[in-house]
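Dropping the structures in below, format is structure tokens.
Below are two complexes that have chain A in common, paired first with chain B and then with chain C.
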Partner chain A sequence: MATATEAVAAPTRPRAGGWSKLPVWMRRAILVGALVGGWQAYVSFSEFGGNPLLFASPADTGEAFLDGWRDGSLARATWETLRILLMGVGIGIVFAAGFTLFATLSQIGDDILTLLTAILNPLPGVAVLPLALLWFGLSTNAILFAIANATIWPIAINLTTGFKTVNPTIVAAGRNIGLSGVRLATDVLAPAALPSAITGLKTAWAFGWRTVVAAELVFGVVGGEGGLGTYINNAKLYLFTPQMFAALLTIAVLGVAFELLFGMLERRTIVRWGMQRS
Partner chain B sequence: MSRTALDLPAAGRATSSPVLRVEQVQLGYWTQDGFTLAVADASFEVAQREKTIVIGPSGCGKSTLLKAVAGFIRPTAGRIEVAGRERLAPGPDRAVVFQEFDQLFPWRTVLDNVAYPLRVNGWKRRAAIDRAREFVELTSLGAASHRYPHQLSGGMKQRVAIARALALDPAMLLMDEPFGSLDMITRARLQQELNRIVEQTSTTLLLVTHSMDEALTVGDKVVVLAGSPSTVREIADVRDVGPPDSPGYAAARGHLRDLLGVRHEDGETDGHGD
Partner chain C sequence: MKKVFRISTVIGVLATAVVGATSAFGGGSQAVPDKLVIAYQPGVGYTPLIIMKQQRTLERRYPNLNVEWRVLPSGAAITNGVISGQIHVGAMGTGPFLLGYARGIDWKLIAPLNEGDLWLMAKDPGIRTIADLRGKRIAMPGPTSIQAVALRKMAEVKLGDAKALDAGIVSMDHPDAMQALIAGQIDAHLTSPPFQFQEKVRGAHVVARSYQYFGAHSFLGAVVTQKFYSDYTQLSNQLYRDVQAAIKLIDTNPQRVAMMLQQDAGGNPTWRQFKQWIGNPAITFTTRPRGLMRTVNFMSRTGQLPGKRPSSWRDLVFPPVYPTKGS
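And now, the complex of A and B:
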């Protein structure tokens, strides 16, 4: 009987292989190394990959990356993209907060938000760009409009769901200790809805990020400075392939950095409080 | 510095005015099918320092009655007075311990869960933390005071809820089947501890339960609620029933069982069953 139980239980145990015994950083470093190795192999051994006009080697990409950051061109492009993204997401948050308030306070507000989200959320962020260009002209405002549209809906719908699903016992406990109105909202409802708020923000950030880079690609330089999309587009015009790779690398690095940042935020709040939904 | 507020008037002998007066209260709730009457007529009083238990079968409206006393719902008829004044909104003078474990604020530590309501009610930071620490110690949670609620067992969470409620120095403590979701060993232990804490703090208690043993071990007075819609069947003084193995206890338990219309012992899991 005991052996039968063991036989059943055995597969559920974590595998004792060497790989999972390695520390996380080492596993990641090995994978990154393998990726770069594969990349280099492709450059060395394939005809397409060996053409430096079409495909940049890891070394060339690294060099273009360092040069770009050293002479400030990549830094400026990165800052420009982030600046527009932050503004766009900021506008998105403000509008989303308004919609959420409206939807939380009234049934019609809730219905309107549900309808608008159903219509506008599935639209890829850049799909509204031609219209935005028509309305706002060839300006930063057009990109901001596209980003705001891409970010309002995921934030609003997540926040509204978050507020609606706050555990009623906690609200009752809050009212019992003497909280009401604004103080109940800020001290009980808001932290209780934080997991949903973070989910909304993460989704909005990812949507906004895709939208801003795509929008820059579509219409290149606006005003004096261009962003990362513009940088990639310009590099393509002059066939500076390593620069295109360097800009993509920058976007990837930023993506990882923000992922870590959100992860840190979650660990300090909802994970620590045992509130993370999985 | 235990309780000044309750020690001042008529120390001990509470003959004058009751802390709680429930007068011909009628309660109901709305469903898709319309209005359902849960409590047809309930009248009783709770004197100062008295431990009153409302007992009744599931669905008799006893929790609804407690929610009405707490101010979460309004009676459709009748009057609820706390310390001589009608109260229709929730407030810290009637601190509630709910049945649900998740009544604590998950983003606050044990100590902070107890201190924060004091801050809300005008206490200075330092004083609030000192008082919170005192009540965390009182409920034997000292070692856990810096943990978050999700790191606690169900019994510990209920202790925190008791500490949080009592630190507010309420006119009365309201408990809605507070140990209903606990295993019987933890429940028996917490019942004894509740008795100790309530004695130590001279708390006036109104506790709702469906457990006859909880009613007899914790209560001074038992209000039996039964019927659908329910009415008060009897108000019994159970102060002197004696320990669970005494003849007085058995008699009182038998009497309660008859009132509640229980034919067989099936539902009880307190470990006192015969």
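And now, the complex of A and C:
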């Protein structure tokens, strides 16, 4: 969000007429309005969009969204997805921290991490799911494995890069004022590596989020309480198209919410410390 | 002037009627689409269609017709194909068909295919009754399949709650589910012929049969949309007659049919095996719909049929099926 505002205000951008003079909220409201208008027009005027089994109108989607949150079904699905995602990312962070420590302490650790990342990072999260199903059976563990695999590598590689690229001058300054060992790590190295750590976390979160929804879609319904992917799948099976749209809307809203959350985290830390421009 | 006007009106009306009639015959009932996509699923229940595929019945009757056969894992998948216009004739279980009808897909049965007794199979000797299945994983093509409807009936009768076992439903096509059951990855499989026969041979046992709970009931049928039927009425009616002829062949020459099935399967299983399967009393090939309204009533009573409700079995079939005196 912060970067978007900055881009709009950048002096290099040629000065547009009235549009850029409008306040940000109004520009966004107009764009959202135009989007919904275009959507409604598609529903009203095209054959494909007019088929309620294939396409839901904004009003139907809104109704399904509100109904889903009112009767708790969307809330339960969202919570289930987030719970698994948090667990998976948690596992990913623990392993990534271990790898990073190993890689920072020894050359062989560094080589192993580089090699593993090169091999495993490009794999899309769901690609390992069939294997995970074979190993862990039809259970949440299989999804957790897929999420962990999707999150470990971006976190580990960013964290390692962050530690490696700490400005030696800053470390020297830290030593100069008498810091060493743990104090040096927590007060100098960790904050200095934080921008990379946050980048890693953001990437991991996005990867994990995609993996968990896709995994639930592959799974179909397993074990009662399903998440958003299962919700979408069930809505498709029972031909409740507006519910599919409502679940997608939920995912989009959550995406924006997390973007804001990370933005806030950045403003509280690295922006305030002057490591990144606001 | 007045008279002229009247005459011209009469001529106009007549002309319109003639043009209308011609297009009804020419465009409506004689016409054949460029391409006809027929989709079905794994299992011997689709034998009448496989006979038509192997004998090239439609291709020979309509030389200009490009017929494409597709095998999909579930009725839900075929439903999506029909909605998006990529599948013209879809064969599926009663569950997804009735659900689609209720949710507003303008489709009906052009040819019911059979009645089928669906068995709930388990391998663990500890699973003997429906009550033993609480908290277990039960595979079937999906939560809207006819198997799921049967499971809910079993749960309602034995456990007092139609949805009691829903949490255990695992969506899998029958061939995968059979492997998973034998390998012990799932606890039970509500299936169909011939998978239930194969599983029995490979060490699984029957926990329940759908006929015990529903009475004999329609299992599979081929559906087309109202639009397809109106556009290609003659072709659709011919489709019904061809299915009827195929069923007659199953009755009169099961060995020949079994050989066609073996050929369709690429040589394995053998025709002896197929002959045994299609002769098993768990499957009866007939175009007469049976117990459709019983299924409708159960599904809507337990909230599985949100939407439009048919008032009689005739609402669910096209005219060629009327004389069968279904239910």
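FYI, the second predicted complex is superposed on the first by the 261 of 278 C-alpha atoms of A that agree within 3 Å, B and C clash if a C-alpha of one lies under 4 Å from a C-alpha of the other, contacts with A are read in each partner's own complex, and residues count from 1 in each chain.
To be clear about the criterion, a residue touches a chain if its C-beta (ideal position, glycine included) is under 8 Å from a C-beta of that chain, and two chains touch if they have at least 3 such contacts.
Because the structure is predicted, anything quoted here is derived from the model rather than measured.
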item: Three-chain arrangement built on chain A, chain B and chain C clash or fit; value: fit
item: Partner chain(s) touched by A:234 [first = chain B, second = chain C, both, neither]; value: second
item: Which superposed partner A:161 touches (first chain B, second chain C, both, neither); value: neither
item: Partner chain in contact with A:177 - chain B first, chain C second, else both or neither; value: first
item: Which superposed partner A:191 touches (first chain B, second chain C, both, neither); value: first
item: Partner chain(s) touched by A:53 [first = chain B, second = chain C, both, neither]; value: second
item: First, second, both or neither for A:138, with chain B first and chain C second; value: second
item: Contacts of A:269 with chain B and chain C, given as first, second, both or neither; value: first
item: Touched partner set for A:169, first chain B, second chain C, both or neither; value: first
item: Smallest distance from any CA atom of chain C to any CA atom of chain B, in Å, after fitting; value: 51
item: Set of chain A residues, in rising order, touched by both chain B and chain C; value: none
item: Chain A - residues contacting chain B, complex; value: 167, 169-170, 172-173, 175-179, 183, 187-188, 191-192, 194, 269, 272-275
item: Chain A-facing residues of chain C, complex; value: 76, 79-80, 83-84, 99-100, 103-105, 137, 142-144, 166-172, 185-186, 306
item: Contact footprint of chain C on chain A as seen in their complex; value: 51-54, 137-138, 220-225, 234, 236-240
item: Chain A partner contacts - residues on chain B that touch it in the complex; value: 70, 72, 90-92, 94-96, 98, 100, 102-107, 116-117, 120-121, 148-151, 164, 168
